[in-house]
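Two complexes follow with chain A in common, the first pairing it with chain B and the second with chain C.
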Partner chain A sequence: MLKFVLRFGTLIGFAIILVVFTIALPESFLTARNWLNISQQLSMLTVVAAGMTVVMVMGDFDLSVGSMATLAGVVAALLFTLGQPIEVAVGAALLIGLLGGIFNGIMVSVFGILPFVATLATLTMFSGAAFIVSGGKTISGRAIPEAFGAFARTGVDIGGFIVPNLTIVAALVLVVTWVLLEQTPFGRRLYAIGGNIEAAHLSGVRVRRLKIAAFALTGLSAAGAGLLYASRVASANPTQGSGLMLNAIAAVFLGMTMSRQGEPRLLGTLMGVLILGVLDNGLTQMSVDSYVRQVLVGGIILIAVALGSISKTRRR
Partner chain B sequence: MNINLKTNFRRFALAAAALAVTSSAALAASVAVITPYLAQPGTQFYVEAFQGVAKEKGWDVNVIDTQGDVAAVISKIEDMVNQKVDAIVINVDPSQVQAGLEAAKAANIPVFGMDAGANPLLVTNVTSNGYAMAAETSTYVADRIGGKGDVVMFVFDAFPPVQQRGVVASAVFGNFPDIKILDKVTPDVSDGGIADSRAKMEAILAAHPEPGSIAAVWAAWDQPALGALQAIEAAGRQNEGIVITGIDANPQAREEIAKGGNFEASVAQDFSGIGAAAADAVARVLGGETIKQSVIYVPTKLVTVANAAQ
Partner chain C sequence: MTLLVLQHVSKAYGGVPALRGVTLTVSPGEIHALMGENGAGKSTLIKILAGVVAPDSATIRMDGAPVVIDSPRVAHRLGLRFIHQELNVVPTLSVAENILLSQPVPRRLGLFVDWAKLNRLAGEALKTLGITHIDPRAPLAALSLGDQMLVKISSALVSEPGAPARLYVMDEPTAALTREESERLFRVLNEIRRAGNSVLYVSHRLDEVMTLCDRATVLRDGVAIDSGKLADITHNDLVSMMIGRKVQDAYPAPARPAESRELFAAIDLSGPGVGPITLAVKAGEVLGIAGLSGMGQTALLRMILGDTRAKGDMRLDGQPWRPRGPADAWQGGVAYVPAERRSEGLVLSRPIYENITLPHLSRQSRSGLLLLRGLERALSQKLGDGVRLKANTVNQRAVELSGGNQQKVVFAKALNGTPKLLLLNEPTRGVDVGAKFDIYQIIRTMTAKGLGVILVSSDLPELIGMADRIAIMRSGEVKDVVAAQGLGEEALLNLCYGRDAAKVA
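Coming up: the complex of A and B.
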């Protein structure tokens, strides 16, 4: 019994959270409207967390995702002010994400810098670049094409429900990342690196190249999330993505408590994202003070991870 | 008094039945105040004053701080719409939270701006009158120099709230035949505006070395005024009687004004007044009134040596 609780502690906790909110908010919590809202509110975090999972599978981190998201949004907005069409601006922003990710990958794999240090440095660089590109200001108003902002405000009618475009994008990113990690040799090699990098190397896995590719994907997804954010607020400012990084890492950690070996799995990450988002949504609706909410969310992450590591220690 | 009595009663019954945590004031109007900027001093004044009025009215106020995250403001508006609050107050550029405003409109929940910016989706925006603030300081300058002399203006046309201040000051000075605008300077603000304003002012001082050749410096906000003051002091020309004014009355400006030197006046926004007026606007709409003004202006206050220390 105890073993069961420890093994599935996070899921049980999530179920309890859902029950509590359903009872406390009978009119509003368990409605399609609310869940579509939640899915839309979580779309940016989902995309970043999916990308974060890719590097965390190898046991690495990317601390620069938040500032990359910011940089991508600002770059797109700047191109809008120069009269560039949406495709060009979006393409350029995604390219910057890809290049930034490759740069991270090279620092980590070729130069052998610890990911924590390398991406901490690029976090600062990307953030500084975002300030340079934007001149420190918020780019908003008429410079942003109407269609760009409208994308985040509209959706696709699926069976009578308007599913927000942001939700659809996040779902597509999830599917692609899942296939990549779980169904391709690429994904299996990343897990091999995460399991034992020496063994992977000796068995012919091209560690360097894979690491660069993985970081590139993380950078790309961060840029994608930055574009979603920019579309949602129809503007870009040089700090807007900064909240994404810690939440993405927290989501992956929460997800890791749900997998058998404690390795990151994309579905686990999705659960982690949902837990964070549902807590935020429910506690906001219950008028819990913003700051108390933060303390609660942090505490819940700690409890979940603690339960997870107890269950793993016991197994040894 | 309460337009949503029926829904609120139903909510009360359900909440009680479910032993909900939020049953405190189920019959009172519920109002959400959502801001990304609660950590900023001005915002705290708005919110405290708003809560003061709300307390008198017995409202259930939920203050939500998204800590700089503008997209989270949209999310919180959506959450509050879903929660069917009676009114929402925002303190963020409405054009950036359009998605949330549309959700509120679809649910017929009124949204009010508290120093937010005008937007057709807001019932009204409560703020200070930038035109009036500039009129206060530019007439102060004109009066102090006896309607005669050369004036240096620091403006910033790229930012609309500051641009309008420049327009008014130019009009006021233009109405005095003996006041000449010597130079209209747009400082580089990337480092905060003080350093570059100082450099620009130093150049102007060097170009006009005779005492009395510059009668006043009118700045559209406090930073250039502080920079100009530094330049004048560094050039040793603080005793020529050059009058400097700013706008916003930030702490550094108040300190200089209190010293009784060249920096003589600035204008303070009444943040508490804005918060209280926003609450009054909410009360009027909850009471069934329609507000016609898309912007409600709260009077500002001229700060001089007489009241700078307050």
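Coming up: the complex of A and C.
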């Protein structure tokens, strides 16, 4: 029984949260509209967390995703003010994400800098760059093409429900990342690197190249999330991505408590994202103060991770 | 009076029994061998005794009184000392800190760590094994596996006034030791016996067991068989108790002599601390590499693998051989079995089949883009069966395997993808007698088809039995190359020490 609680603690906790909100918010919580809303709110976090999972599979992580998301949004907005079409602005923003990620990967794998240090440095760099590009101001208004903002406000009619475009993008990113991590040699090799980098290297895994590729994907996903956000608010400002990084890492950690070996798995990450999102949604509806909300969410993450590590260190 | 009695010890992992009602007794002043094939349950039994693994059932008595061992601390207090098969050392601490890990730290003024004293005590502990070449201040991570083992053994031998040691339990302590180091260990074990204390000793080296130990308990199919006095039985009796079938206990002869075609050659190869080395391997030949530990054997293999940059020329199959890394080497048909299976050979947290297919995943997937798990599993099953891998399924994680079975996975991985040249570094370390000879047989079958092998081994009979020629390395260079046929162990050892450099083939 205790074993069971420890092993499935996070899932049980999630179920309890769902029940509590369903009872406390009988009118609004368990409605399709609310869940579509949650899914849309979570789309940015989902995309970033999926990218984060890719590097965390190798045992690394990327602190720069939040400021990369910001930078990408700001770059796209700036290009809009210069009269560039949507494709060019979006393409350029994604390219910056890719290049920034490659830069992170090179720092980590070629120069051997700890990911914590390397991506902390690039966090600052990307953030500074976002301020420079935007001149420290929010870019909004007429410069942003109508169609760019409309993308986030519209959706696709699936069986009578209007599923928001952002939700669909997030779902696609999830599927692609899942296939990549679980069904391709690429993902297999990333897990091997995460398990034992020396053994992987001696078994012919090209560790350096793969690390760069993985960080590139994380950077790309961060830029993508930045674009989704910019579309949603039809503007871009130099601080908008700030909360993403911590939440993405928290989501992956929550997910890791659900996998048997304590490895990052994409489905676990998705559950982590849902837990964070549902908590936020429910507590907001119950008009819990946002600072109290932060304390609660932090505490829940700690409990989940602590339970997970207890269950893994007990005598077999 | 017996010192230790274990009864009704049972343990199953996920429904698969590893031990089924095992009984084991150890008398005072006895060196007691614990024997069995890979996966027989030796380490499991030891971990139960150490309070590391929780048994499904067990009755333990010490000096006749029942005891419950539910944590390593209790075991320690009862006077049990352990050297586990997987070295539990702290690589970031120094040798001295590792040796005195379980002791109160010596302090000055009750506050500052007395490093001088700590290092002195550690130095003394090392000296009980006659070791002077290890610096107590060195970080443990800088040591070879053999030296780490010696540190661990010294640490177990440190006496403690509070909880005097009664029984030393050693799980394959000599697997990574040279012959001399092993002999020094045996002298210490004999002293322990003379002082009236006991040793429970695990090894797959039967000669060692026959000369060192008084009695043996043999585990087979999860149950224990008492061998009686080892002095009364033969080597072969012991083998058939372990394996239950006749084992061909001789090195298989080559099916045909090596071809004259040169498969691999290194000319003036040199790298950091090694070389220049010139050597050649013919198709179908096993070239042995002998030498004291750390004479550049591993560095040589790693240069051929492309892991370390090397100056000089190499040729494989008539083409220049210039791998830029292990990935190139595996693709070009060179396979590597590293010396340290847990740190270099395996991704322990991943399944067996993922480990075996890792080097050739591009070929063993759909156009290198989509995994073909069915194919991977079937292939791994086949390669695993060839080396008598004992596992529930190939989906089992490598960490769940016994030590010898982990080694077999590393070997099976090297056989994947039909290599041209096998680089073997201590390939049979920890492998039981039966499986060892299957591995030798596989090597013979493959060399008959033109495979070349470079075999680094500290097991001298293995080198003499398997190699066609033996290159002797001293201080990073190949000093002699001799024919293995008719070479005696002593003569080979002398060559390793450079005491007799007359015979050059």
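The rule we apply is simple: the second predicted complex is superposed on the first by the 314 of 316 C-alpha atoms of A that agree within 3 Å, B and C clash if a C-alpha of one lies under 4 Å from a C-alpha of the other, contacts with A are read in each partner's own complex, and residues count from 1 in each chain.
Basically, contacts are C-beta pairs under 8 Å (C-beta built on N, C-alpha and C of every residue); 3 or more make two chains touch, one makes a residue touch a chain.
Since the structure is predicted, the reported quantities are computational estimates derived from the model, not experimental observations.
Student: Are chain B and chain C a fit on chain A, or do they clash, once the structures share the same frame?
Tutor: Pair status: fit.
Student: With both complexes overlaid on chain A, does A:Leu202 touch chain B (first), chain C (second), both or neither?
Tutor: second
Student: Just checking: does A:Thr184 make contact with chain B only, chain C only, both, or neither of them? Give me first, second, both or neither.
Tutor: In the superposition, A:Thr184 touches chain C alone.
Student: Output check: A:Thr81 vs chain B and chain C. Expected answer is one of first, second, both, neither. What do you get?
Tutor: Neither partner.
Student: Which partner chains sit in contact with A:Ser309 here, chain B, chain C, both or neither? Use first/second/both/neither.
Tutor: Neither: A:Ser309 stays clear of chain B and chain C.
Student: Once the structures are superposed on A, label A:Ala192 by its partner contacts, choosing first (chain B), second (chain C), both or neither.
Tutor: second
Student: With both structures placed on chain A, which of the two partners, chain B or chain C, ends up touching more residues of chain A?
Tutor: Per-residue touch count on chain A favours B.
Student: For A:Ser259, decide between first (touching chain B), second (touching chain C), both and neither.
Tutor: Neither chain B nor chain C is touched by A:Ser259.
Student: Using centres of C-alpha atoms, tell me the angle at chain A that chain B and chain C span after the overlay, to the nearest 10°.
Tutor: 150
Student: Applying the touch criterion given at the start, work out whether A:Gly136 contacts chain B, chain C, both or neither, answering first, second, both or neither.
Tutor: A:Gly136 sits against chain B, while chain C stays out of touch.
Student: What is the minimum C-alpha distance, in Å, between chain B and chain C after the two complexes are superposed on chain A?
Tutor: The answer for the closest chain B-chain C C-alpha pair is 37 Å.
Student: What is the shared patch of chain A, the residues that chain B and chain C both contact?
Tutor: none
Student: What residues on chain A touch chain C, complex-wise?
Tutor: By the definition above, chain A touches chain C via 183-185, 188-189, 191-192, 195-196, 198-206, 261, 263, 315-316.
Student: Any idea which chain A residues touch chain B in the complex?
Tutor: 23-28, 31, 33-34, 37, 40-41, 44, 135-136, 138, 140-141, 149, 152-153, 229, 232-235, 237, 239-240, 242-243, 280-281, 284-287, 289-291
Student: Touching residues of chain C toward chain A in the complex: what are they?
Tutor: Interface residues on chain C, with respect to chain A: 52-54, 70, 305, 307, 325-327, 329-331, 336, 338, 343-350, 354-355, 358-362, 365, 368-371, 397, 413.
Student: Which residues of chain B touch chain A in the complex?
Tutor: 11, 14-15, 18-22, 38, 60, 62-72, 74-76, 78-80, 82-84, 93, 95-99, 102, 190
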